[in-house]
Amino acid sequence: MRATICRWAHFNAAHRLHNDNWSDEKNKAVFGKCNNPNYHGHNYELEVYLTGEIDPETGYLFDLGELKQIIVEEVEDRYDHKNLNLDCPEYKDINPSAENICIKIYELLRNRIDARYDIKVRLWETSRNSVIYPPES
Amino acid sequence: MRATICRWAHFNAAHRLHNDNWSDEKNKAVFGKCNNPNYHGHNYELEVYLTGEIDPETGYLFDLGELKQIIVEEVEDRYDHKNLNLDCPEYKDINPSAENICIKIYELLRNRIDARYDIKVRLWETSRNSVIYPPES
Amino acid sequence: MRATICRWAHFNAAHRLHNDNWSDEKNKAVFGKCNNPNYHGHNYELEVYLTGEIDPETGYLFDLGELKQIIVEEVEDRYDHKNLNLDCPEYKDINPSAENICIKIYELLRNRIDARYDIKVRLWETSRNSVIYPPES
Amino acid sequence: MRATICRWAHFNAAHRLHNDNWSDEKNKAVFGKCNNPNYHGHNYELEVYLTGEIDPETGYLFDLGELKQIIVEEVEDRYDHKNLNLDCPEYKDINPSAENICIKIYELLRNRIDARYDIKVRLWETSRNSVIYPPES
Amino acid sequence: MRATICRWAHFNAAHRLHNDNWSDEKNKAVFGKCNNPNYHGHNYELEVYLTGEIDPETGYLFDLGELKQIIVEEVEDRYDHKNLNLDCPEYKDINPSAENICIKIYELLRNRIDARYDIKVRLWETSRNSVIYPPES
Amino acid sequence: MRATICRWAHFNAAHRLHNDNWSDEKNKAVFGKCNNPNYHGHNYELEVYLTGEIDPETGYLFDLGELKQIIVEEVEDRYDHKNLNLDCPEYKDINPSAENICIKIYELLRNRIDARYDIKVRLWETSRNSVIYPPES
């Protein structure tokens, strides 16, 4: 029997959106308040979906304690209470937009979770904006 | 890189469910309290999903300020603090059910958003009932 | 032992804010979109607080089934799927503002619940606006 | 016109995770606190999705009153305020894990809802953990 | 400077409402589904409020890490994934109603937190029902 | 007639907790992850309560459009997408802890809102932690 499970996590981080190849004027025009040179921040909320077979002996698709631990190690330890631009080298050359963070988290989890499970990640930057990866279509 | 983003919006409106071709008795039997001739109302909550390519220069799939503005112009200005039956000609011949409102909002946004983006709309009539269009299967 | 309990309820209604003694211009200036002559509506959420002694035999402050029934009879049957201006005579001479609805609900419940219980009502018109009665100070 | 609707429901139940074929030590190692022999419990929240054609005469995909009644009869009457292990024979030989409960609810609803509607169920065991069936991929 | 802080916690437990001095009929009449002899359960959500002086050197009213640890030791370790009737001797002679659990949690925290802080506890049994202690009036 | 109204707002900001008079070791021991020199951030949610008389001509306690504008000018324009330590001089000599931000917002609003209204502010730093000012007791 195949199903999908979802687990929530969260982390608080600072970031700034900026393209080093652009003038200050263009950066401000495109990114607006998100370009503030002193950073701003968010409470990011994360949904991690795993699709796979349910183990008939346990009734579990994946051990939630193990999943929680993987998310702590790969996401929370890396991003919680961090400045994504300054503390996280993966955003040295790409913007820590919600889109890019979501995809990066997918890749981090994909490396840790067995390939027989499909993964989907949904990252909420605020309660009004979120990103889903892989795409819905 | 392709992903999906989601943006929330909301509007407050009055409506009534009624089929002009039916007797009052049949209308009351089918629509119950929703048939009240003096209307009732809801706080509608809206999720708009866009699927497309992420711009590598910005890390954005779509500019959220622009998306917000499109939703204001196409949905909020049209429906917020309105009576859907009386103020909105699109519901003259079809019922302003959550299903029909959801599809209409999809069409309004589809006309404004470039075809290289896929769109999905989820409309919450109450915190217990919602509609998704296009259908999930 | 004295404590406070809280029970949620909800109802969906249409309303319009208007002062018959004022010109149309003044009504529109003061009430804005809420003055739409064709009404708009809300999903009202209601919190009812009772403060009193806990019955040592049951561990209950008040039977929740009974409280639910009182709220159904006094609030939901009266306001759910109604037009507050047209269907509810109590708003013939006063505006069905969230403030006035909240106080009216307090009075309706006060008439039904024994005086040894203190009552507080919080009415949410939207998830961003609410009213509390009696006042906090 | 084809769309998807979603309706929420909830029930409160006790359960315990245990595999009769295993030693107490193994049960405790695998299921941890969820193996407590005296049971623990949850407020389960349920999302039921139906996909199908919208009736042009009503604007409804499915009558929500009828859907609510089906969920009451098939899910709430069966599980609300119950001990899933002791009161519900369907969990005699399989664990009442969120995964297994979700699939069982799908089957119960599938038997009651016409085959021209596709069904999806999402069961929340807590606000942090949920299961979706059929699987997303 | 004096203020109030609030911290959330949660635990999942089974319970049953029953008065040993009453007949089975009276128990069933008074407690209804909550009297199920095999127990049912809830995801309890807890709000702990502390009122006191803000330390001018830290800007903290109370160290949240310490408060979290006190709640873990006094509440979560005691009640999470437990059967309140069978595993917790404090409910041997009183019903584990939300009212009684709320007051007991207040007493447990009162014993651990310095008297210069005022404490208030709000316990949610479901998202629709909660208890506050001390009482609001 | 006197009642209390509440209005929500929100802003996203970066901050860091640090006491310049302390060693790095002591700062890290006391503030932990919140002491990260590169800052982290939050989605702050704000509840503003006003208590006063209801205007019998409007049914309003306070015009919500005006209240929204005051909150935009005094709070959102000042703190949204800002670094509280670097961009906001009021936190030069005191820590931008949730407690201190909450009290500062109270003072900012108190200066703008007529003294016949009592004010209360609740600031959520995360969905699990909040501060209320003035204190509850």
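Note that the chains are named A, B, C, D, E and F in the order they appear, and that numbering of residues resets to 1 at the start of each chain.
Keep this in mind: a contact is a pair of C-beta atoms (placed from the backbone, for glycine too) under 8 Å apart; a residue touches a chain by one contact, two chains touch by 3 or more.
Fair warning: this is a prediction, and the values are worked out from it, not measured in the lab.
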item: Required minimum of steps from chain E to chain F, each step between chains that touch; value: 1
item: Distance-maximising chain from chain F - centres being C-alpha averages; value: D
item: Distance between the centres, which are taken as Cα means, of chain E and chain D, whole angstrom; value: 28
item: Numbers and ranges of chain A residues touching at least 2 other chains; value: 127
item: Touching pairs among all chains present in the structure; value: A-B, A-D, A-F, B-C, B-D, C-E, C-F, D-E, E-F
item: For the chain A and chain F complex, residues of the former touching the latter; value: 10, 12-15, 33-34, 36, 38-43, 80-83, 86-87, 126-127
item: Interface residues, chain C side, partner chain F - complex; value: 17, 19, 21-22, 30-32, 94-100, 102-103, 127-137
item: Chain A contact footprint on chain B (complex, rising order); value: 1-8, 49, 51-52, 54, 56-61, 63-65, 118, 120
